[in-house]
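Before any comments, here is the structure.
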Amino acid sequence: MNDKITNWTASDDAMIENAIRRGASRRELLTMMLAGGVAASMGGLILGRASNAVAATPKSGGALKAAGWSSSTADTLDPAKASLSTDYVRCCALYNRLTFLDQAGTVQMELAESVKSGDAKVWTVKLRSGVTFHDGKTLSSKDVVFSLKRHLDPAVGSKVNAIAKQITDVKDLDALTVEITLANPNADLPTILSQHHFMIVQDGTTDFSKGIGTGAFKMETFQPGVKSIFTKNPNYFKGGAHVDSFEFFAISDDNARVNALLSGDIHLAASIKPRSMKLVESQPGFALSQTTSGNYTDLNIRLDLAPGDKADFVAGMKYLINRQQIQKSVLRGLAEIANDQPVSPASAYHNADLKPKGYDPDKAKFHFQKAGLIGQSIPMITSEAPTSAVEMATIVQQSGSEIGMKFDVQRVPSDGYWSNYWLKAPVHFGNINPRPTPDILFSLLYASNAPWNESQYKSEKFDKMLVEARGLLDENKRKEIYNQMQVMISEEAGTVIPVYISNVDAISAKLKGLEANPLGGMMGYAFAEYVWLDA
Amino acid sequence: MANLVEIRDLKVEAKTDSGRRIEIIKGIDLDIAPGEIVALIGESGSGKTTIALTIMGYARPGCRISGGSVTVAGKDMVALSERQRANVRGLEVSYVPQSAAAAFNPSKRIIDQVIEVTRIHQLMPPAEAREKAVSLFRALSLPDPDGIGNRYPHQVSGGQLQRLAAAMALISDPKLVIFDEPTTALDVTTQIEVLRAFKAVMKKSGIAGVYVSHDLAVVAQIADRIVVLRGGEVQEVAGTNEILADAKHPYTRELLSAFEPKPRGESIVAALERKPLLQVNGLIAGYGPVQPDGLPLVKAVQEASLSLERGRNLGIIGESGCGKSTLARSIAGILPASAGQLTLDGRELAPSARQRSREQLRELQIVFQHADTSLNPAKSIEEILGRPLKFYHGMKGKARDTRIDELMDMVRLPKALRSRTPAELSGGQKQRVNFARALAAEPKLIVCDEITSALDTVVAAAVIDLLKEMQRELSLSYIFISHDLSVVEAICDEIVVMYNGRKVEEITPAISKVPQHPYSKLLFSSVPKLDPSWLDRLERDPELVKTYVQG
Amino acid sequence: MRNYVLGLITNRLGSAALTLLIVSFAVFFATAMLPGDTATILLGQAATPEAVAGLRAAMHLDEPAFFRFARWLFGLLQGDLGTSYVNNVPVAELIGARFVNTMRLAGIVTLFAVPLSLTLGITAAMFRGSVYDRIVTVLTIGVISVPEFMIATSAVLLFSVYLKWLPALSFASDVTSFWQVLKIYAMPVITLTFVVSAQMIRMTRAAVIDTINTPYVEAAILKGASRRRAVLVHALPNAVGPIANAIALSLSYLVGGVIIVETIFNYPGIAKLMVDGVSTRDLPLIQSCAIIFCIGYLALITFADIVAILANPRVR
Amino acid sequence: MTTSTTMSRSTGYRFSWIGMIGFAIILFWAIIAFLAPHIIPYPVGEIVDEDYFGPMSSKLLLGSDYLGRDMLSRIIMGARYTVGISLAAVCLACFSGAALGMAAAVIGGWFDTVLSRFLDALNSIPSKLSGLVVAAAVGSSLPVLIIMLGVIYIPGAYRFARSLAVNVNTMDYITVARTRGEGIPYVVFSEILPNIIGPLLADFGIRFVFIVLLLSGLSFLGLGVQPPYADWGALVHENIGGLPFGAPAVIVPSLAIASLTISVNLLIDNLPKKIRDRSA
């Protein structure tokens, strides 16, 4: 990073990037930077940095090696079951979706030529013609029907079963046309289909170990929990990847991952911890790539259990959590301060007028006193499983101790956390991965019947608004309703969302073409197809 | 004639726990002529082994030669470097250790260890060394001289190992051989063979020797000159005959007197009503898995029957492996008998100590040979004696303290030793504690398993006196197990001779001291006498020796 | 005599088999205690009750646990390690390559660590009380005192990041030359040699010192043998039993205890596999790994016992 | 060795200076651990430094950790956990291991066989993995941690104590005690224990080191003391990212571990000896 720019933090970089994504003009950006205290002459340099990927010309060849952070014997090539970052990366390399999201967060067509609907209830998908699978078979609508219907079968164990349930019927109209019928109108279907789990596999596939897809790479070696090696698919319908081969594996230890990058063993170390940034920055020939995609770790207070059944406890917690400190110390600036609702600034629907609550121990104390909870020991479940939750818990605990609130922080093992503690404990941490639309976020997390209703928030008004917005094809109206819903969550729900966490991938300077993507780090896990190695 | 060894004003220091150095050899002068055999005699702690080892320039760990000179064939071993000393060791002076069983490396073949000296000093090619070793084996009357070397140490008997150790010492044709109590660990019948072999080889090749021993009778057979040591100082030096006939020093006379037969003295209990105290009928005991007939695989004691009357003592003698200790352990219930009955004072005893009542256990106490291993080294004398008082008699506090003092008085131990641990006591003192512990139980019968074997002659005699005295005062009975005939004769009313697990003869010394059974005869005749010509005059029936000596 | 030795060895093998049985039961009960099952863990955040129930039925997890265990144990007796719950692959297949990796790493470490430890341990014993001995003793305690991940990370920083001599990761595959093997294994081998040697050095030194204080070593010195000869020829052969035991105990660590090294160097070994098994509640995998660790441990211990028996002419 | 038979009263203890240094360091850490809450300059959870992996300064004597928390305070509180947990666990392991080992040696027979096999089985599961399973099963509270660490090291302590006790058990004084009619507990604790206490203490020391290390190894796997507190091993691990900068946050806890484990061993190798002069 350039030393001359003072007070310019990585989060400022992220802000600019977001603005670019949302489609801000160059003039608006320069205004923003002036407000941030940066001289206009400097502006060009930063913009150059933020969008350097666009300028260079790709080179062909080379063997790309990259490391994610999690893998196990549960590694799978079945997109429906994909659960770890490594699964997503592998699926992106091997398969394609009907649609995908570009770095600006807008829907682009991939295997589909068009996804259209008149009433947002019955959708017609036209497929690209001439797309072939790795084994030479041609993509047809049968494959799409099979791929989508799988998610409805409980025996498959699909991760998106809850979302897929709104699909009531899928049928092939002809070889390249598929009709999808929804239970209720949903204008977001094209975005929903851009999620990684909706990758298209061959009709009738039961053995996923071969990884036969339409993607930019073919499977060469797949050892669950060890590594995967891919080779370039010469018949790729988009025209082929830049690199000849791609090797991906996971190094779960953060330091080991960074060290592997620094020693030149890999080109990309995904999702490094903020504390490792200093080291990467101190070494020449390496850079950081940051994505603010709307991932967040939240403190969940169940409204139906003590102490969350007292509204003042929840209100107090929202003042007690030191967002600034979490952003600065825990995440080293790699985060944006959030306002207790799940729609991040990366989304076009983010309500920028809703200001985050400031750190105010006195107000917090007032609320806790009102709730009669001062001096009581309140258990708070945390774990390494939700990102930085242990550190956040420590900070809340420390702030609490200054006003006489005792939090009994209990760190529990990561494995089993999601099934044993998340959603269950009265006060606990959760972590929500980015979802492309507010509709998905709200229906998964805040609707009265939401499967992951972290704080057991129940509001009939909210439910009605959700259904109403879903069916609306008028963008402005939808945005207005979503803005209101964000205010409701921020004020009423028991989820304290202190910051949106940026993902930071450390990369070798040789790796070019990496851009940010709202679906997550590593270009929404699909980087292998787009990047090239500069010799 | 120049002396082979000249020791002048030799001083050796030892380091104590506190790091203080104390002198354990306090200025010794000693000469050894070529071909002369000099005996160093004294009780343990007299410094006899320490002196012998200095001739090789060696001091055991923790010790150090602090002054004087030890000249061996013109070289002062004290002044030499470690490397130069190594050149003398094994070559000019060699060593026969007290226990060849421990001094042979268990994991190497005997022959390799015997000829190792020639290898170290590069004296001759291995093949030649082997031949020489075999001829030495023959000269030392070892059985199967050609094959014995290929065995491992555990595969040959103790007496053979001792002779093999001598062969190891002699193979380099040294000028001087140091024998460190080479026959102490052997049975008497075996000892004769070994002594004869040593004497023959030494005389034949004119090698000088230093013979370290505590047993005057053994030394008398082999040494030309005797040096009497005590507390690191020479008490008397004289020719063997002179010492035996006309000892000047009082300590020497004390040593000699231990050999005089003592009158047994009429037991005072003898006058009392004679009632059987212990009866043993058809006792069988042994080791190994139980066979279909309900008896163990290895029967160490076969059908032994004994009877002991109250106030009388029973001696059991025999050589190692005859089953005498097994018998003692079966009586005490340590090794439960497989068959046979035990009756103590009219009541039947269960075979295992675990099944006996506390009262029965109290009435029958056992005292072991090694006071070192029978006294817990981590406990003070007070604790050792106090435990049975508390356990059997529930004594506490003052009463117990008083009783401990009484017990120590009885066994003639100074009260100052109360809080000492066994390691701080001498061998004799330890054995007294061992005995006092048995007395603390106030038993009717004490089984004494070789309790004097590990003691020096003078000390052993004193312990025997103590036993007799206790018997008079407390009307005890003893079963006295030993391989040492003189000790048994000194105290017992009846003597049972055991051989190979069986009782071969029962002798009542008061009636007849002459054994009838051939083995008993052989055993009785093998006990060395103070007469220097005893060994040379002793004639043994070769057939008898072949039958009964494993040697 | 020969029969006696055979008997002793059979006895050792029998007790090893008994231990294995105990382990398989213990592992079964321990894993049965784990909260959550494979279905819920696999679904993670997506674990809705219906989804879990469906997956459980599909994976046959709805059968009683003991029944599953019995079936697994029965299969094991026929050499079948069962099928992973998680990805339906035979456990033997999952373990296969990783087991080879683990054994290879263990083998290479053994090749370095054992001679090193024996040399240091024996020489320290030979020159007991000397400055050399003190240095070795203090260094071994020092090395024991450093956490494994600290050693590993320091080694990576030094050799990979700064000096760039060695790769930071160790993949067992794509090895083409001996030089590459050396490079790839260098880091984990350095780390593990540090970790396992210290204890072996200590034990070797103690065992040799024990035998140095015996009459037969004194006898050797009195034959004119040098200190070196007395230790190497006379003391050492009799210390083989305890040394073999110490080595076996240390090496057993290499079979299943190297999770940290496997993690830091991304080495695909069997310890990491079991950690995965635990976090996904993949019972056949956990049980099979545990059995393998147990077999490894018992094989080493039993081997050491047999070495001790054979090295001792008294029982041979 | 030959020594004269006259005797003097034993007159006290001999304690080498190496042992004294070891003892002093242990005492130092024990006092720190005891006083910890009263002497920490900042609360352990408080972020006092804007920067992370800060250097030593007059404000933060040992610099700051990866979150900018005061390292000195964290190490002082860490002493409580490292010393406390390890000590409790090693006591548990050595006491029960030694008691079982001695009992097995004395009782023998099937008791010995079954117990030995069972503990062998326990020992054959790698310690970190059994730690992982236990923590996954019952969580990682302080008592669970101590019991787990203790149980993991029982087999080792058992093996060691048993092998020592088997030797002592062949001694005549044990036979004497048993023919006196003494029960197993007396034989074990009064007759055997005092004779093997020396080697047992040495074993205690080395096992203490192992437990400190295993505790830090567990922190690598995410198990251990509850935040904001951390034992030294966890401190090393959470700050290991500072190693390339030589940050005190990673160096100092490493040194603390080394100082404790080395001094425990120095002390145990050089325990005060009661002087038993056998001669004046």
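Chains here go by letter, A, B, C and D, matching the order in which they are written, and residues are numbered from 1 within each.
Rule of thumb we're sticking to: a residue touches a chain if its C-beta (ideal position, glycine included) is under 8 Å from a C-beta of that chain, and two chains touch if they have at least 3 such contacts.
By chain, with names taken from UniProt: A = Peptide/nickel transport system substrate-binding protein; B = Peptide/nickel transport system ATP-binding protein; C, D = Peptide/nickel transport system permease protein.
Owing to the predicted nature of the structure, the values given are computational and were not obtained by experimental measurement.
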*For the pairs A-D and B-D, output the one whose chains share more C-beta pairs in contact.*
B-D
*Between chain B and chain D, what is the gap in Å from one C-alpha centre to the other?*
46
*Whole-Å gap between the CA centroids of chain C and chain D*: 23
_How many angstrom lie between the centres of chain A and chain B, each centre taken as the mean Cα position?_
88
_Please output the residue numbers of chain B that touch at least 2 other chains, ranges allowed._
60
_Where chain C touches two or more other chains at once, by residue number_ = 34-35, 153, 157, 161, 263, 278-279
*Touching two or more other chains, which residues of chain A qualify?*
255, 414-416
*So which chains end up touching which?*
A-C, A-D, B-C, B-D, C-D
*Contact set on chain C toward chain D in their complex*: 15, 18-20, 22-23, 26-27, 30-31, 33-35, 138, 141-142, 144-150, 153-154, 157, 161, 202, 252-253, 255-257, 259-260, 263, 271, 274-275, 278-279, 286, 289-290, 293-294, 296-298, 301
*asked:* Show me the residue ranges of chain B that touch chain D in the complex, using the header's touch definition.
replied: 14, 16-20, 22, 24-25, 44-50, 60, 62-63, 231-232, 332-334, 353-354, 356, 358, 361, 366, 368, 370, 373-379, 387-388, 391-392, 416-417, 420-421, 423-424, 426, 437, 441
*asked:* Going by the contact rule set out above, which residues of chain C touch chain A in the complex?
replied: 34-36, 39-48, 50-51, 53-55, 57-58, 84, 86-87, 89, 94, 97-98, 153, 156-157, 160-161, 164, 167-169, 171, 263-266, 268, 272-273, 276-282, 285
*asked:* With touch defined as at the start, can you tell me which chain D residues reach chain C in the complex?
replied: 113, 116-118, 120-130, 132-134, 136-138, 206, 209-210, 212-213, 216-217, 220-221, 233, 236-237, 240, 243-244, 254, 257-258, 261-262, 265-266
_So in the complex, the part of chain A that touches chain C is made up of which residues?_
67, 72-76, 81, 83, 153-162, 209, 223-227, 249-253, 255-256, 259-260, 262-266, 283, 414-416, 418-420, 422, 451-452
